[in-house]
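Look for chain A in each of the two complexes below; its partner is chain B in the first and chain C in the second.
Let's look at the complex of A and B:
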């Protein structure tokens, strides 16, 4: 009797583990794209998705947990940003410091346009 | 003439910026946690198995040292940490955060190499380490009596670094 109970408890535990670990398809896609955007800090220039470093595993687990908790992508990114700074995200946030970075292409394009027009004349 | 030279000047200015950034220390990532309180946690004491929260361990200017037995740099700095913990002129408690480690190995390490820590909390899952923005052990944080983080050092700590980067800040905080 007791053995039976232990056995069913064991089975239950096995399956609860599986069920808790799985994300639905939509969340799975979110998870995949999020971990591509997060830089692995130990192994710089690899995303967390590609890396096998312990910290990368922990970060993947944390991202998965937060998706399951119903956190939005921006919540999760803010969570990482608050702890590790902007370096952890591949796409730099828009700020005073990165202003030039974001607008450089447009500024350069306009400069070249003016230049070529002058040469044309 | 000046108009024609403008692109050339701009080019050299750009080159100058690029050259400067070459010599910047590239591996040093600033922590966004400087100036902020230590994260909330409740962790088990490696030795006594008691649970401690973040509010219980603050109250004094202290160091928080993230370490593990699998971490090579931790072995390098350990002797200095033991020395520092016995240094009464500095008199700073060192709080250990044992990161993703094996309890038995960690206790053995402290028995054999000496225990510099006023308290050692363990973080087997690495969750608190993420909250601290840790990305590689050893890392050492300097906190004030309210638990505000004032400085963070990545890599093995030694006397030179301690005297250069930590002591002046500790002096201000006391």
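Let's look at the complex of A and C:
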């Protein structure tokens, strides 16, 4: 325990920049799930969690900073949306043009249930 | 000389496919003597020519013949010999050649199917249709994607194979997946041939084994791809809902539905039209998959070899085959024999679940093409990714898994009155067993618990015939395919649920002799250095894993830079057993002797791949062992 403390103090002294970057456990979880929902815009089809591109690194840093600043997930998503457009979010926002997309499960299940009824008789 | 020979044999294969098609189709209207033998021979010839073609292209690769454009673009002298074989299908032209070769091999096997010989008309027409499909793709290859095209001036060195593809799994992943995709052409051909000839439900009996075989390959191919992505793409994900993955998942859903629908059509003569439509849809989705992968119309990690013009050609083939099959269906299909079904009869429940499987395929299709459609309509670019798919797939899948268990207890024709009584004990058993998970792993969420319950429910109901027959393997052999299929599915669902809910991902900066903790596990960086591979330079780390002070394993994750590409490739360090995976990937040098490391703890991850293996085993037993058994049983 004490050794750990000394160790972290040592780390703090050596790389204060790095150490200041660390998040607590709860925020780590939020960070990990958030970066998986954000698309790397210069890659083919990768989230910023997966990509090694410079942009992805910047976005990861940005998201981490905003979490540290106490921003909520939706604040951060809104920021990214406003700045980079809706393409950046893997979860499309509900709007007029994504209406059919989001209602697809219900519509499809109803449609197929009708089909089932028709064949079944 | 060799490439020109290849060219000649490609044309010869095309000619044989043409004869195979024309011979068959012309016998539709009038009786031609010996036409069956003619179609059989041309089928064999086509396969033979394509095998030679493929052999010649492989030879060009082994000889490093860079005067062949395709070889120069996908290989170089430094490439290890095993990957020279794999490089044959590492690009667009070669993978299409593999596509038609596999189609020809399936066709050849179908022509050797003894049971089908009792229905000569069906046999001739299905071979003829397969010849037409092959013809379409051979024209495509010769017209837009000739692998034997020469290159002048001849380069001294080739460009090399995409480093992502330099991996043992790549040697088998594409052929396995293709065997599944292309194999679905066989039930398609049988269904359409049936409409054109006998027009009854006899085709179902023959299509079943072929469907199961291609379904097995498809299952194996998808699982292999997922496993490969897990250890090769470098960040420990195993499914990304990438358009290309979706392209293989859609035919899988429909093939699974077809497999089950054919049981009803064969045994009860019901749902013949539905089975035909499923067979047409399954193959159409395979073609759509080929189109999505090969056209590059989608932004995807997989589109290494893409060209819009080629995409258009495949789209035309897709429209032609699907369109004409549907036209034939609408003209020829007679009204289904109608019969009032009991809601809890086996027929009803199988139909219901097949409908859920179709809905799943439909949702994946909508999510995959929705951004494309919006873009075409000029409504802007959106992304539809994992958060969407993970959510919507629950709608068909939760009821599907509930009804799977009930269907196992149902009987043909009648409402089993005691079905609830039979099902209840198992329901309670899975609820009780499911409670163990929050105790082991902690509470996560309601949906996690539902997932675990459904997985256990699927497995226990799947195993129930064994219990009912006092654990007699002989008596349960006939149920074995169903049992293994359902147990495998349950295992997979369990793995997916537990890994996604209880897995831990942690990014940390580490320097030598420093430790990082993930869950109960301690990771210590003991060494970091560089080493030379045959055609790459690697940065490797050595990481010691301990749990409660007890040494477990040392792993060596690497980051490789291949000579042929500037992009860094991650080779993860993985320590795995049945219960959990520990995954480490080397990140960036952040200076001061520190490296960023990507650490993961993934409980029950292996089940995601063991599940499909168990499912495939079920298929294998059905095709080769219990088929005869089933016939005597019925």
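The rule is simple: the second predicted complex is superposed on the first by the 103 of 121 C-alpha atoms of A that agree within 3 Å, B and C clash if a C-alpha of one lies under 4 Å from a C-alpha of the other, contacts with A are read in each partner's own complex, and residues count from 1 in each chain.
In this text, contacts are C-beta pairs under 8 Å (C-beta built on N, C-alpha and C of every residue); 3 or more make two chains touch, one makes a residue touch a chain.
Model, not experiment: these values are computed from the prediction.
Student: So in the superposed three-chain picture, is A:62 touching just chain B, just chain C, both, or none of them (first/second/both/neither)?
Tutor: first
Student: Just checking: does A:113 make contact with chain B only, chain C only, both, or neither of them? Give me first, second, both or neither.
Tutor: second
Student: So, does A:90 touch the first partner chain B, the second partner chain C, both, or neither?
Tutor: Second partner only, chain C.
Student: Have a look and say if chain B or chain C is in touch with more residues of chain A.
Tutor: For chain A, the partner with the higher number of touched residues is C.
Student: Which residues of chain A are in contact with chain B in one complex and with chain C in the other?
Tutor: Touching chain B in the first complex and chain C in the second, residues 85, 87, 115 of chain A appear in both lists.
Student: Chain B touches which residues of chain A in the complex?
Tutor: Against chain B, chain A makes touches at 41-42, 54-55, 58-59, 62, 81-85, 87, 115.
Student: Spell out the residues on chain B that touch chain A in their complex, using ranges where they run on.
Tutor: Residues 7, 29-33, 100, 125-127, 129-136 of chain B touch chain A in their complex.
Student: Can you list the residues on chain C that touch chain A in the complex?
Tutor: Checking each residue of chain C against chain A gives 233-235, 237, 240, 242-243, 271, 273-274, 298-301, 303, 336, 338, 340-341, 348, 351-352, 355-356, 358-359, 362-363, 366-367, 370, 374, 379-388, 392, 395-396, 505-507, 509, 514, 567-568, 588, 590, 592, 594.
Student: With touch defined as at the start, can you tell me which chain A residues reach chain C in the complex?
Tutor: It is residues 7, 11, 14-15, 18, 28, 32, 36-37, 39, 43-47, 49-50, 52, 57, 85-92, 97-98, 100-101, 104-106, 108-109, 112-113, 115-116, 119-121 of chain A that touch chain C.
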